[in-house]
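In what follows, subunit A forms one complex with subunit B and a second complex with subunit C.
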Partner chain A sequence: MFYVSGINTAPPEAGPGVVNEAHQLEIRDRIVKTIYREAEAIAARVVRQTGPHRDWEHKVDDILTSRLLGFPIMFLLLGLAFWITLVGANYPSQLLAKALFWGEERLSEVFVRLDAPPWLHGLVVTGVYRTAAWVVSVMLPPMAIFFSIFALLEDLGYLPRVAFNIDPLFKMAGTQGKQALTMSMGFGCNAAGVMACRIIESPRERLIAILTNNFVPCNGRFPTLIALTSIFVGPAAAPGFSSLAASFTVVGLILAGILITLLTSWLLSRTILKGVPTTFTLELPPLRLPQVGRVLVRSVLDRTLFVLARAVTVAAPAGAVVWLLANISFEGQSLLARGAGLLEPFGRALGLDGFILLAFILGLPANEIVLPILLMGYLSAGTMVEVDSLNVLQNILVHGHGWTWLTALCTMLFSLLHFPCGTTLFTIQRETKSIRWAVWAAVIPLAVAGLVCFAVAQTVRSLGLV
Partner chain B sequence: MKALPLSELPTGQWGRVVSLKARGMARCRLLDLGLVPDTPVQAVRRSPLGDPTAYRIRGALIALRREEAGQVLVTPL
Partner chain C sequence: MPLATELRERFNIHPDPGAAVIALAGNPNTGKSTIFNALTGLKQHTGNWPGKTVLQTQGTFHFGGKKYILVDLPGTYSLLANSAEEIVTRDFLCFARPDATVVVTDATCLERNLNLALQVMEITSKVIVCVNFIDEARRKNIFIDVDCLARELGVPVVVTAARNGLGLTELKAGIDALARGQIVTSPRRLIYDPDIEEAVARLEEKIPGEIKEWINARWLALRIIDHDRSTLDNIRQYFKVPEWGVLRERYKYCPT
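So, the complex of A and B:
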C-alpha cells in the first residue's frame, strides 16, 4: 500500500488571502508536477513494458502521414470504401427489394381478403409499407458495408491521422483539425457528427463545426447520391469501369462538400463567429490491427440497425403523409402536384424541378425518404410502379420526367449541401441550447445549396451544355 | 546546452522540457499533456503540410501546432 500525496493537494484558489499571478503559477505547476510524479511512480509499479516500440507501426505511420503520400492515400482509401460499398451493396439490395415487394403483395392479398376499403390499402400498403420497404432495401446494404469499413478504419486508428494531415487546411479556415473527426462521424449520421463536436474545446470552433457538419453527406443521403451516380455516371464510363467511375464521382462530391465546409468555416470565422484559431492538441493513438469480427458485429448492431430503425420509424409515418398528399385532390389536382407546381419556377432556376424541391422539403424528417417521396410524386398521376431496380428508376427519371445529367448533378449537389434533417436540427438545438443556432444551421446550408445549384445550372445552360 | 522552442526541435530528436512560456488555459492544457519540466519529449513526425508536428510525450503520440509547441522550451538531448 502506498499513499498518494500529490492528488490530495488543495487547489491554490481554495487558500485564504490574495496570491499574485507568479505565485499562483508556481503553485499550479508544482501541483501538476507532483501529480505526474505520483502517476509515474504508480505506472512504474504496475505497468510492464514489453520490448521496444513496434517498428511496423512507426513505418506505417510514416507512410500514412508522409508529405508525398499522405493526401493521396486519404483519397484512395475514401474512394476504395465507396467502391466496395457500391459493388457490394448492389446484389443484396436487389434481393432485399424482391423479398420486401413479395411481402407487399402478400400484405395486399390480406387487405383484399378482409375486404378493406381502397383508401386504407393505399395508405397502409403503398404509403407506409412501400416507403419503409424502400428505405430498408436501399439503405441497409450500403450502410452495413460502409459503416463496417469505417469502423475498421477507426479501429485501426486511421481517423486521427486524417485530422493530423488535414489540420493546416482547417487552420486556414479559422478552425482546427478535430473538425475532420466530427465530419467523419457525419458520414454516418449528422446528428452523431453534431454530438461529436463536443471534442472541440473552443466554443467558437465547436459552433462552426456544428453549423457545417451537414456538408458531409450522411448515410441517409448516400443512397440518393449512389443511385444517381450509378444511373448517370456509370453507363457513361468505359465498360467494366462503371462502378469505379461512380465511386470516384461520389468521392468528387465529398471533396466538393469538404471544400464548401472549409469556405463556409472561413466565412463564419470572419463574420458571425469572429475569432482566431485557438489551441489544437490531438492524440494519435497507436495503430493496431483491427479486431475484424468484433468491429463488424458492433458496427452492424450498434450503428447500422440503430440508424435503420430510426429511419424506418420516421419514414413510415412520413410515407402515410405523403400518400395522403398524393391522393387528396383539390380542384382535380393532388396536393402534391399542386405544391410541386408552385415550386416549379424555383426548382427550374436551381436546375431541379418542382417535385424535386418539394421532395427535399417534405424529406425534412429524414433524408432517406427524399427519393421515395420524389418517386411517389412523379408516379402519383399514373399507376404506381415497383421500383426494384435502378433500370426502372432510370426509366422514370429520364424518360418519364426529362432528367438530364444537369438535373442529376444539381439534385446531388442540393442533397449534399441542403439543410440537415429534423433530428440533426433538434440535436443542434439541444447541443447549443439555442433555437437561434438551430435556425442558422438550416438557413446557412439552404443558402449555400441554393447558390451553388443556381450557379451551376445557369452556367451550364448559358454555355449550352444541355 | 541552450534551450530552444519545442517547435524547433528537429524530427527524430529528443529534448527535455525546461519551462513553459504559455499562460492561462494554454498552460493548463500543456501541463495536462504531461509537459512538466524535466519531461523527455521526442519530435516524431510532421504533417504533410509541415504543421502540426507529432511528439512522443510519456509514451503517447500527441500532435501540437507550431504555436503551442513554441510555448515549450526544451534542451536537446
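So, the complex of A and C:
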C-alpha cells in the first residue's frame, strides 16, 4: 500500500546534485521490498489462521459499497437518522423550553424585587437570557441525538465506506473522496468540518474542502430546516406520515447541498484552484460493533456540550444586540424595521423578504439565532418570542407575513447555502492562515445562495406557480 | 549540540525531570486512541505539532511511583513516505528520543502492522509492541504466538483488548520496565541487498560522532542512501553539523 505512495511522494524538490531519479526510486523500492518481505516472513511464523476468515464482513462490505445499493443505503441511513432525531427531539425540546422559561419568570421576579430599570430587565432577561434559552432548548435535544447516531456510525466504521462511495463523484469534480469525510463532519458543525480538513494532504484540495464545507447544513441550521419543513411539508403529507415526509425533505435539501458542493468544487478546481486530483489510500477498517455506552458519553461530552457552549456564548451577546436594535427607535421606527425596509427589494428578488435577509445577516455570529431574530422582527415585540407550538409559528409566517411555499423553499435554500457562521469563518482564517481565504469562504457561498434563490424565485414566479 | 530537554521542548514536551516520555505509534484504526485514553484517563491536553496542522495529544499516568508523559503520535502506515503525519512521527522518534515507544498493532492484520514496527525499530531500540484487538482476532480464528513474535522482533510484546481493558496493566508494566532499563532489547535488524549493506557500512563511518550519539547511524546511513531529503533537512535544522560537507561531497546529497 505505502509502496506506491512512498514512491509518489519521494522527496519532491530534488535539487541539483541529486543522483538520477530512476536510481533513487529503485533504491527506495528495494528498501521497501526488504521491509515487506521481513514483515511477511515474521507474520507467517507467528500468525495462525484456522477456519474461514471475515467472510460475512466481506459480504456486508460488498453490499455497503456496491454500485447499485451503496447510494440508496446511504440515503436511507441518513433519512433514518433525521427521522429518529425529529421524532426523538420533540418532547425533550418542549420540556427544556418549559423549564428554561420557568427560570425566566423567576429571573424577572428577581429584577422586579430589586427594582431594576425596565431597560436593564429587557436587555438581560428578554434579550440575553431568552436568546440563550431558545438556543439551548431548540439545539440541545436534536444535537445530542444526531451527534450520537453519527458517532455510532463512525465507530461502526461506516464513514470510510461513505467516502469510498462518494470518491468517484469528487474525483469528477477535481478533488478527492476524503472531502466526503470532512463534509460529513460539517453536518455536526462547519467549524469542526473545517478543522477536519487537516486530513487532506494536498493544500489545493484542502482549500476546496474548506471553502465548500458550509454547503452541508450544520446543527445550527437544522432546527430552521426542520421547523420549516414541518410547517410546510408535514401537513401536506398523508396523515401519520408527516414526520417521515419532513425527514426526507430534509434529506432532499442535503442532497441539493451535496450537489452544490460538487459543482462548486468543480468550478473552483477549474478556476482559482487548478490542479490534478491526487490519489489517496483509504483503509476500510473492519466493521466493528460500536461500544454504545462509551461512544454516547464521548459524543455528548466532546461534541454536544462543546458546540452548545460555544453557541450559547455567541448567542447571548447577539441577543443583547438584537434587543437593542429592536428597541432603539429612530423617527418612530425601530432600527430593525428600518434595516429590513432597506433590504426589502433584495429580499423580494431572492424569494425572501427584508426581515429574512436581515435575520441572516444579524445571524452571522451563530446560525441558530436566525429564526428567533426573524420572529422578533416580525412581531416587532422587541423581544424574541418563544413559539411553543408550530401552529403559532405557522400563523405568524403564513397569515401574518404572507409566506408561501416559495418563501419557505427560498429561506431553506438560503439557509443551506449562505455564508458560514462567524466561528467557522474565524476557524477558516486560522486554518488557512489567511484573511483572504476567509473572505472567499463568505463571498463564494453568498454568491451561490443568491444565484440559486434568485433563479428559483424568478422561475417559480414567471411560471405563475405561486 | 542541543540538550535533550531542549529538543523535547520543540515538540511541546515540557521539561519534567522526574518523568519519562513515552511515544505511542501505530497504524490508523488499531485502537491507538482507545489505549491512549485508557492509560491516561482524563489527564490529557491537545495542541498542534510544531509548524504542522496535525493534532497532538499528550497525557500523563503514574506507574510504580514514576510519572509518565504519553505522547500520541499520528496514525501512519510507514515512516518512508512524506505526509505530515509521517514526518511528525519520524521526527519525534528521532529528535525527542522518547524513553520508550509503544507500537500498537491490530492482531487481525498483523502483517501490515509489522511494517511500521520494523521501521520504528530501526530508529529506536526501546520499543514495546502491543498486539491489540486480540479478542477480535480470536473470534475470527486468528491465533498469534506471542512468545515467538517477541523472539522474532527482539522486543517485548504485550497482548491487549483495550476496549475491554484487558492487558493494560501488563502494558504499563512493560513500559515501566523498558523505561527504567530493566529490559534490554535487541531489535531485529533488517538485512538489505548486499550493495546497499556495503554502502551503509561505508557511510556509517563517515557520520559525525556527535550525530551518532543522537541518531541511529545505520538508520541515518540508509536515509542518506535513500536520498530522503526531508529527514536530512530536519537533521540540519536540529543540529549544526560542521562535517556535513563530507557527506555532501561523497554522496551527492546537496542541502542548500
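Criterion: the second predicted complex is superposed on the first by the 418 of 466 C-alpha atoms of A that agree within 3 Å, B and C clash if a C-alpha of one lies under 4 Å from a C-alpha of the other, contacts with A are read in each partner's own complex, and residues count from 1 in each chain.
In this section, a contact is a pair of C-beta atoms (placed from the backbone, for glycine too) under 8 Å apart; a residue touches a chain by one contact, two chains touch by 3 or more.
Computed from a predicted model, the values in this text were never measured in an experiment.
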item	value
Touched partner set for A:D62, first subunit B, second subunit C, both or neither	first
Which of subunit B and subunit C A:R28 touches, first, second, both or neither	both
Touching partner for A:P286 - first (subunit B), second (subunit C), both, neither	both
Partner chain in contact with A:G70 - subunit B first, subunit C second, else both or neither	first
First (subunit B), second (subunit C), both or neither touched by A:E431	second
Touching partner for A:G177 - first (subunit B), second (subunit C), both, neither	first
Which superposed partner A:R461 touches (first subunit B, second subunit C, both, neither)	neither
Most subunit A residues touched (candidates subunit B, subunit C)	C
Touched partner set for A:Y36, first subunit B, second subunit C, both or neither	both
First, second, both or neither for A:R45, with subunit B first and subunit C second	second
Overlap of subunit C and subunit B interfaces on subunit A (superposed complexes)	28, 32, 36, 201, 281, 283, 285-286
Subunit A to subunit B touching residues, read off their complex	25, 28-29, 32-33, 36, 61-62, 65-68, 70-71, 163-165, 167-169, 171, 177, 201, 279-286
Residue ranges of subunit B in contact with subunit A within the complex	20, 23, 25-29, 31-34, 36-37, 39, 45, 47-52, 54, 60-65, 67-68
Subunit C residues touching subunit A - in the complex, by the definition given at the top	27-29, 53-55, 77-78, 80-84, 108, 110-112, 114-115, 118-119, 136, 140-145, 148-149, 152-153, 163, 188, 190-193, 196, 222, 225-230, 248, 252-254, 256
Contact footprint of subunit C on subunit A as seen in their complex	1-2, 5-6, 8-19, 24, 27-28, 30-32, 34-36, 38-40, 42-43, 45-54, 157, 198, 201, 281, 283, 285-286, 288, 291, 431
